[in-house]
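Please go over the structures that come below.
The same chain A turns up in both complexes below, where it pairs with chain B and then with chain C.
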Partner chain A sequence: MPTEREFQIAPIVPESVMHNTKALSNLQNLTASIFGAAAGILGLESYSGFLFYLVFTVLTTVLFYAIRVAPTSLKAGHATFDTSRFFRTQYEFWAGGLFGGLAGYILTWTLFYGLVRA
Partner chain B sequence: MARLPVQTIQRDPQLFYWILFPITVVMVLTGILRHYATVLMATSPKKLDQKTMREQRSMLHGVATRSNFHVLSGPSFRARRDYLTNAYETGAFLKSPDQRGQPPPNPMTDPGAMDGMMGMMKNNMAMMIPNTLIMSWINAFFSGFVIIKLPFPITVKFKSMLQAGVATREMDPRWMSSISWYFLCIFGLQSVFNFLLGSDNAASQMAQQMGGMGPQAGAQMFGPGVDPDKQFKIETENLAVVEHYSVLDGVEDRLLEGIMSK
Partner chain C sequence: MTWISKSTTGFGLLLLAHACYSAHEHSALQSHRAASLSSLPTTQSGSTTSLPIDITIETVLATLMICLGLVSGTSRLRPIQWRVWAGQIEREGEAGFTNSSGEVEKDYVGNPFRLLESRPGFVDIRKQRKEFAEWVKGQ
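== the complex of A and B ==
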């Protein structure tokens, strides 16, 4: 854990943290809605629908890590799957999308399921 | 356990065009309207006279000096601290120096205090009025229609919530009435608003309730009912206990260490 002194030498800029979090949550919200539409069109029901959401959200997160985070973070000497270069907590990055997008997913899932399987 | 046969209900396809789409469109448009109403109704900060402004700014000056002492050199910090402490103690920055030590005026009678309360009222109103209107609109026009089926099974407990206005005992709780589609929209449209209006929008009531605490913190500091003289005294003490060091202490060692480790 860095001390207060180290934070003063290399400060964390709140604006940048906000920007990173915002970019992540925007992606999560948008993809959750799109996955909902896909699940509804495919006509998935109950468990398979939630499983679909889980798998694709994890896939999105991994892709986000591989494309946006990994190139600079690995170069800076962080371990694989360590996102601390851009995000304060690991939890926020890896699991935040699952809960943040669930409501949007259920909405579009229900809508498209209802439209297709009328 | 014997599985119940899947219930199918013949529904008029027109239900979609006349119930589902109107409700969804109205919900999205209300969110957008709420966002722009909040933006337009936001009160611009009241213009302060010079003395009040000086009082607030010098307070902030003290806070900034205290929290950023590490970027100042030792003599520079001490000079600032001496100046601020002296000015705070003599009350040079006070708006009305002759009122020192008197109890602050009652916030309820102070006209300046009403502004903050009005702002909160407006926000609450912008949330309450559309919700009540839409709820009663849906209840008046669309109650009793079964419009859509949830793609996942739920327990019977949800029946009274999802099928409000549809008094059929044997119906699968997965079928939803129009009012429950409205509730689903309330929770799920946040991502749509994020996409349409940018992520710091005021469209969703969920975000409003969570963000409602934020802006008051700034107002609290200079709010009515707070004695500025006492705040200056506290700030004096805070400044006095700062043990000064600079980020540049030992910078040459760190630099050499960085070069050597390469």
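== the complex of A and C ==
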């Protein structure tokens, strides 16, 4: 956990933090709704639906890492799967989307399940 | 760059809509068949089968395509550490802060040390006087 002293030595730009977090959470909310539609069309029920969400969200995050984070982060000398150049904590990047998009996912999942199986 | 991501997303959405329609038709057909067959004594137990494999594949492919399109359509990330961020501005200027369609983003602030660099105490007044004198001679 960084201390006050470390923040004084290596300050952080709040605008950049907000910009990056907004980009990631927008993406995750959008994709969660799309995954819900797909799960409803496939007719998934109970655990398989949540498993579907988990797999695709992790896939999206890895894709986001590969396209947006990795090219500049690896060039700057960070280790693989290290997102400290753009995000404050690793947890925020890798697991933040799982809970942020879950509500939207369940909403569209139930909607499309009901629509398709009329 | 922006049209690639948008067309990928659009095509994926089209595929997803088609898969949705197909799945709906499939379930409607199944229920219709089940209703018409229920009068017969040999009712097929497998009449309420799961989704055909082609609709499943189409749905998953469409989801992956939309996912790829949306991810490649996100804006560029910015370094959060002050020294990295200010260094990028020094090195690349506005070119490092363009959005996907090539325009400079609205919240680009420019050099954070601009105030320091234009401080009156740091102005080299002798050099400026020399330049002015040369300019006057040249006129």
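By our rule, the second predicted complex is superposed on the first by the 108 of 118 C-alpha atoms of A that agree within 3 Å, B and C clash if a C-alpha of one lies under 4 Å from a C-alpha of the other, contacts with A are read in each partner's own complex, and residues count from 1 in each chain.
Note that a residue touches a chain if its C-beta (ideal position, glycine included) is under 8 Å from a C-beta of that chain, and two chains touch if they have at least 3 such contacts.
Predicted, not measured: the structure shown is a model, and the values here were computed from it.
J.: On chain A, do chain B and chain C fit together or clash when superposed?
T.: fit
J.: Touch check for A:101: first (chain B), second (chain C), both, or neither?
T.: first
J.: Could you look at A:30 and tell me whether it touches chain B, chain C, both or neither (first, second, both, neither)?
T.: Once the two structures are laid over each other on A, A:30 reaches both partners.
J.: Of the two partner chains, chain B (first) and chain C (second), which one does A:45 touch, if any: first, second, both, or neither?
T.: first
J.: Tell me which partner A:58 touches in the superposition: chain B (first), chain C (second), both or neither.
T.: After superposition on chain A, A:58 lies in contact with neither partner.
J.: For A:88, is the partner it touches chain B (first), chain C (second), both, or none of the two (neither)?
T.: Second partner only.
J.: Which partner, chain B or chain C, is in contact with more residues of chain A?
T.: Partner with more touched residues of chain A: C.
J.: Under the stated touch criterion, which partner chain does A:113 make contact with: chain B (first), chain C (second), both, or neither?
T.: In the superposition, A:113 touches chain B alone.
J.: Just how close are chain B and chain C at their nearest CA atoms in the overlay, in Å?
T.: Taking the overlay as described at the top, chain B lies 9 Å from chain C at its nearest C-alpha.
J.: Taking the stated contact definition, name every residue in chain A that is touched by chain B in one complex and by chain C in the other, in rising order.
T.: Comparing the two interfaces on chain A, one with chain B and one with chain C, the shared residues are 26, 30, 115, 117-118.
J.: In the complex formed with chain A, which residues of chain B make contact?
T.: So the residues of chain B touching chain A come out as 11, 13, 16, 20, 24, 70-71, 147-153, 176, 184-185, 187-192, 194-195, 199, 247, 254.
J.: Report the residues of chain A in contact with chain C in the complex, numbered from low to high.
T.: 10-13, 15-17, 19-20, 23-24, 26-27, 30-31, 34-35, 37-38, 41-43, 56, 59-60, 63-64, 67-69, 72, 76, 85-88, 112, 115-118
J.: For the complex, which residues does chain A have touching chain B?
T.: 8-9, 22, 25-26, 29-30, 32-33, 39-40, 44-47, 49-50, 101, 103-111, 113-115, 117-118
J.: Enumerate the contact residues on chain C facing chain A in the complex.
T.: 16, 19-20, 23-24, 27-28, 50-51, 55-56, 59-60, 62-64, 66-68, 70-72, 74-85, 107, 109
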